[in-house]
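As written, the chains take the letters A, B, C, D and E, and residue 1 is the first residue of each chain.
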């Protein structure tokens, strides 16, 4: 990245739940020096098991990249709630794949219901977004996730592939690179259902504590500025974006990375403007509500603060 | 010239719910500077008595006095060499024998300087830096005895110290012990199984009955000092030996 | 009536890179049914010799023969009671003594039936079901000896079996050992530190020099059998005792 | 002080170790209760006055309430049965196989020296890292949890048994050989029994390792179990429920610990403690 | 066989334990190498002919290739330094504190009995389950990994030391008391040294537990470390890289194991082994 010794540098930690291709705009903003240009030194830590959010609550991390739903759940009863300030992934980045020789008649609710009933599904970890979305879909098509299907919910992404590949499960949900690996392995073909079809969906956003926004709005603005630049580059310069991706995931195969990129662009994975619309927030919160994870309501104005995005656009 | 008196000491244990007497109403006096031996069958409570005197175990009844002072249940007043050699396997012989000095706060270096000549004099020359495992049983016992003597108490309890020594060293050690004893005027209480040894060393001999241990007889040796190997062939010696043998044979009948 | 012969046995260890001799060219014969004692200072290699005879350790040179058959390095041909009591702390006394029978495949129940009277006869009555920890040193040693005797070998090596016994039991055990020995015609090799004991029990006594152990003398006892306590006062006995004492004193000078 | 107790006694004082031991056991039990209640009280109090943030630290009363909901409306009891079943199975399997392995090292110094570092290396590999391979090898059912609990315990048990083997008194071996024993006699009559205290000493460690193994197994993939419940609670940031899981696990491990203490006493029976 | 070696010898056979030990050590080393090579060879061969699915099992050659990429283009070496640093710090801390704790149990039977079950319960709680809570307690930095490695080791070390304490020969204690020793003399001169073999026996178990603790810490939250690398590799389905991590961890644990063997020898120096 570019170096600038002009401004005093502030260290910032952003927690991610996994190291994922979907967070490419964040990695680009770091790699291309967009944060440096703003006088920030950003480090990313990977924190599992809900720790990505708690690390923000406890003050170990400045911000978190993840779903607004998990932020809202964490805010329950908190005196210093977390607020989302910029969008990153604006599609529900989850797909359903079927083992060989299995295919639904169509993607209407009835067809899906008929197809899914009685199947065993290798879902992601229980409570994770892929798993919740799958449960939500089952409810939507009129099935009971606990009775009408058998859900295997391994914590490990690879296990999803192996479960289907070994014929232990009929279906799987997941995202890239699982889809491509599964295809390569012959576990499944192209996904028969993609949740990106739900449209705008605040899947991964960057959030920070309310107190941070009050005390240090400059830094929040700088983060949003840099993230918007990152989003812009990813959306507009595929070649550069791929270079960063390759650098961030040096041991992954080219084929796998390319497949991921192609699917991402095809489904318009990344937010164009960083804006988190009320409709985009409503969907994930509906998912947690329907699945019974979090049934209390939420207030868009409390959960989301778009003032920084708006200010950045004005410039 | 300390005088040790044991007054009416008994010891009971509870075994499988039943009280068991292992030492019964022992009354003994070891007058200052005297050499007193105890002979009795195995399991008659000799070690139990010594543990009581050394303050490591409390008597069920009775008292222990040192120069009139009640020391029942208090340790550290008398030197005590236990029946096992009890050398610390992780220490060299030299460091084993100085442990008593260390406890009294003598600097290690000084303690070593004091112990070294003693080790060398009493047959452990060349083994000072060895660990106990490398020594034969006899040598270990010698080291244990030297450790007790370095502790420098007026009253010394020796629980069969020479039981594991060979005949030569035994005689040598017996003479050496007599030497120490007369030089330093120590009061010695001595447990042994060897009748010869008891007579050869002692002023008085207490004979214990089998369990529960009771004092059966007290014998005054009355052999002139200094004693040497010729003492072993003296009439008085042979007379006492026969007497003790008879006493022990009597003892045997009911138990056999 | 087995005859054991030790031919020119030596044992060297390497200590700190230097070879060290602990037993030098031992030549001994224990003719069938004889009682042979070994007396020697501590560390002179008596236990080493026994280990060699029992086949637990190989001699650096020399051979061991039983009735002419070479048994060097082979175990299980002779009964051996080691210097420590070596009772298994997790077994009761009864189960400890039958271990040799168990190894030979005798059913446990039968073995117990055979051992029980022996335990009861030799002063362990009431302790059959106790664990070794609960016994005094003397009792443990008795159990160890009973274990060896139950093993029923023609040649028995006893490494100071009575060192830890009290005088009464010692005399009792000595007589009992003589009884067994004459009843069963066993060849016995016996290590002791007690001159009285050696003379009282043996047909022959080998005297060892200090380390490196070498045979210094062989003494024929020649006292009539059966022997009893009166033997201890006989002239021949006292004469032999004086002779041995002198021999051991001689030995002492260079080592002291 | 020591003197007094002797003097004041009217009759002879009879030393009774068994009763003293029982007294200490009773006192320890009372002490444990007091410490436990104190912890609970302080926890409740400190979260109540706000010294501890009740958002993270929950509070005993909230935990009990959440736990009650988990029992009545959730599946806490089935989860508990599932986890403890897998733990105990894995523990028994691991201890038995591990002890046998450790004892087998007695037979050959060369064999033990060659094997040991591989066992250690194998043990050190964090099982969670091998999730994909483990799913292939052991599947996702109950068995896979048992196997993980087994894998966690087997090495510790084998090392403990091997330590015991190394500390066998060589003279006991000699004694047996002199009685004409073959090596297998020495092994069964001396090596195994005298290694028992060492093996027993590993039980307490192993029961908690077995529990950890089961939980890891439940993390990798499970439809049931306390581990799965905690993971899920953490995922959805229901920290009260995380605490319920933690408390239940702690209680479970205390119960299992008491079980091993009982087992220890059973196995060490007949060995009078050094007095 | 035993006879022959004696008969054939021309001069007297001088028993030399040190040289025999050295010979066995050399042979064991060769044996370890052979076993290691055999495993690698079989692994490569079986994946090559397809008996093992190379997608899950990778293969030694692929692992080496991927590892090389991870070193040159990734941060494998820094990760390694991070993980081993945290492991060793936690191991040392845990062993020292744990041993001190276990030894302190000597002072009071009541205190030890009250404390022990709480320690065990605390130890049994699987740390990964506590991820959200642990972040609050220990943060996300290097310290938190050290603390987890510490928590994994401290209980095992304390139990080992406590086992040692319980096995101290009471007669040695008596002997010292008879020399006028106070309890602290007994503690420092008898209890500690005679517990050393027990404490040492826990080192090998503890080093792998410390490693596991660090890895768990890295799973929970990390920027660096082998654990994080494995987690990340699993998430992007790069199973080859998972294997690189596993192999590196195994190698690390073998190296650390050898380190503890060396440490063990150092601590046991002067204690002649039972002969």
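In this section, contacts are C-beta pairs under 8 Å (C-beta built on N, C-alpha and C of every residue); 3 or more make two chains touch, one makes a residue touch a chain.
Computed from a predicted structure; not experimentally measured.
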| item | value |
| --- | --- |
| Mutual neighbours - chains that touch subunit A and subunit D alike | E |
| Number of steps on the shortest touching-chain route linking subunit C and subunit D | 1 |
| Farthest-lying chain, centroid of Cα atoms versus that of subunit C | A |
| Selected interface, C-E versus A-E, where C-beta contact pairs are more numerous | A-E |
| For subunit B paired with subunit D, centre-to-centre distance based on mean C-alpha positions, whole Å | 47 |
| Inter-centroid spacing, subunit B versus subunit A (mean Cα positions, whole Å) | 83 |
| Touching two or more other chains - residues of subunit A | 49-51, 53-54, 57-58, 156, 158, 161-162 |
| Contacts with 2+ other chains: residues of subunit D | 56, 131-132, 136, 169, 219, 231, 234, 237, 274-275 |
| Where subunit C touches two or more other chains at once, by residue number | none |
| Touching pairs among all chains present in the structure | A-D, A-E, B-C, B-D, B-E, C-D, C-E, D-E |
| Residues of subunit E defined as touching subunit A within the complex | 55-56, 66, 69-70, 73-74, 128-129, 131-136, 139-141, 219-223, 228, 231-242, 244 |
| Contact set on subunit D toward subunit E in their complex | 24-25, 27-28, 31-32, 35, 56, 109-110, 113-114, 117-118, 120-126, 128-133, 136, 155-156, 159-160, 163, 167, 169-170, 197-198, 201, 204-205, 207-208, 211-212, 215-216, 219, 227, 230-231, 234, 237, 239, 242-243, 245-246, 249-254, 256-258, 274-275 |
| Sites on subunit D touched by subunit C in the complex | 169, 171-172, 174-182, 185, 189-190, 193-194, 196, 270-272, 274-275 |
| Subunit C to subunit D touching residues, read off their complex | 51, 54-56, 75-76, 78-80, 82, 84, 86, 88-92, 99-100, 102-104, 131, 133-134, 147, 151 |
| Of subunit A, residues touching subunit E in the complex | 13, 15, 18-21, 43-55, 57-58, 60-61, 156-158, 161-162, 177-178, 181, 185, 247, 249-253, 256 |
